[in-house]
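The chains carry the letters A, B and C, assigned in the order they are written, with residues numbered from 1 in each.
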């Protein structure tokens, strides 16, 4: 993406975020049941969508493309890493905002309902992915290892969801505390519009962040490559110096 | 592939027979964990019977981690990966062999641990065959996923801290499933057999997924450096 | 002891490298190797420490990746699939690749069978290297360094490889062991196997070798067959 392109993206993200903020805080009404706390949902739902589906989805897709011979390229490796970082940050944000929202609504900071628990496990899964990316290694070695871990995490996500869902429905505690009910898109009109606007704004923000994080990663890789070329030159120079000693015998 | 698996599993189990690390170290560790839980939960309050199944599986999980670490530590010398790759054995075969050896050791451990739980936590085991089924499925899942992530972490200097971080979130469903299913036959909770069967299915699904994943991914994972 | 100076295309080479680069982390251990090895040759790799001899041997064993250039060993393209070649080579490296807790007999049996040979080949190797006496059922951890080296060598023999890769094989072997090694290498080459050996023991290795290649700064001198002349006091070819 060109600099102009990313600048356009950045500005549209900024504008839509500003608009969202205004709509969320000023223009839209407080909820009949939740009061002003509902405004937190305009932050919570988009970050959740962004983290869980968009960024980890991109990470998984990019990992597949990296592993598949036909499309293998460092581009996908860097995209996967960048997207996962953004995802982890936003997922953390989702959990925190959800917790803050939960306090006035449910009276507790945390509860072991299906959604929250699965989300927490997902969070730790991707922390593991980021950890494996940080272990020093050659780029293609690290890339492949990370891609395989990303796929294993992706494979695990539905299993975790299934398990945790069953767990909570069996215990039948979920009814009052079911976040799903309260966050239902039975909200209409202005509130629905604000929510959709928020999702759009955050999506734009995601792509803008992705472009910049990718560029940063790319520059880091190029710096390494340059160091490699210097190392190659030095290595070969060893040969030239050492030859006089070896040539006889 | 199966020939190679049998060769590797045989080698790993022979090493265990000679060095007895699982019997001398992992087993006592597991029993110790059971005892520590009893301290933590204050044995007199009668809670132990209701948490017995959960405690059993948490202990198995931690022991499984140790078993996997050991499985990769025995690969000769400085670099855990070199000897395995140099042998020229098929990656999928090595995976099945190593995971199989870990599973065998874990199953043996579970027999002793079950006896330990029955005695120490004062519970009854009402369905031995069902419990054996749960144990087998869960153990295959633990061994398979542990071996996959063991390969990811093998040879890295940070592997002792990295392996638990990678494996435990993945094993969360296994813990959940195995504990809830076991409760039907172990301990005093209200879980019925009807409740337990969906969990058994979950364990079967998990195990199948990770065995398949390991067969495909283990070879490429070893190909580093 | 002459090496045939045939153009490389005339017969299938045991190993062929062109401008091969191999990275260890970020360090270019091999910085553009040109090397041909004909089957049945015993090639001596010599050069200063850190020149890349070990890496080259490991590359031939399919253990290290070739990041650029061409590399083909026993007909297998190393940049595409390194695994195929491993069963057919035997590497005697700095590490022993033995399982400390297992006995000599167990280790050799495993070595043979993992290369697709019969367990009996392990027994034969044991006898050949005089390991079948009291050492046979001893755990490898209990052996001395020299004895372990013998077992490692036996493991290579047990695999009956087409390509022998020996990294400083004479080191830590006693006099009897060294003689045995020389015999084994000569027999193997006579039977059609190829041997690449890296050594600082130039007197011994020189007698053994049919050709000498110098490895320096991650590159090979005298590596290409067409440039080799068979006289013992040849001048190495200049780096182009």
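The definition used in the following text is that a residue touches a chain if its C-beta (ideal position, glycine included) is under 8 Å from a C-beta of that chain, and two chains touch if they have at least 3 such contacts.
Note that the coordinates shown come from a computational prediction; the quantities given were computed from them, not determined experimentally.
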Smallest number of contact steps required from chain B to reach chain C: 1
By mean Cα position, the chain sitting nearest the middle: B
Between the pairs A-B and A-C, the one where more C-beta pairs touch: A-B
Relative to chain B, chain with the most remote C-alpha centre: C
Between chain C and chain B, distance of the C-alpha-averaged centres to the nearest whole Å: 40
Where chain A and chain B are represented by their mean Cα positions, the distance between them in whole Å: 31
Distance between the centres, which are taken as Cα means, of chain C and chain A, whole angstrom: 48
Multi-partner residues of chain C (each touching 2 or more other chains): none
Per-residue multi-chain contacts in chain A, two or more chains: 137-138
Residue list for chain B, restricted to those that touch at least two other chains: 223, 225
Sites on chain B touched by chain A in the complex: 145, 148-149, 152, 156, 158, 162, 165-166, 168-170, 172-173, 176-177, 180, 195, 198-199, 202, 205-206, 209, 213, 217, 220-221, 223-225
Chain C residues touching chain A - in the complex, by the definition given at the top: 21, 23, 25-28, 31-32, 46-48, 50-51, 65, 202, 214, 216-219, 221, 235-236, 239
Chain B residues touching chain C - in the complex, by the definition given at the top: 4, 7, 11, 14-15, 18-19, 74, 76-79, 82-83, 85-89, 91, 219, 223, 225
Complex contacts: residues of chain A adjacent to chain B: 121, 124-125, 127-128, 131-132, 135, 137-138, 141, 144-145, 148-149, 151-153, 155-156, 159-160, 162-164, 166-167, 170
Chain C to chain B touching residues, read off their complex: 24, 61-64, 82-83, 86-88, 91, 95-102, 106, 110-111, 113-116, 139
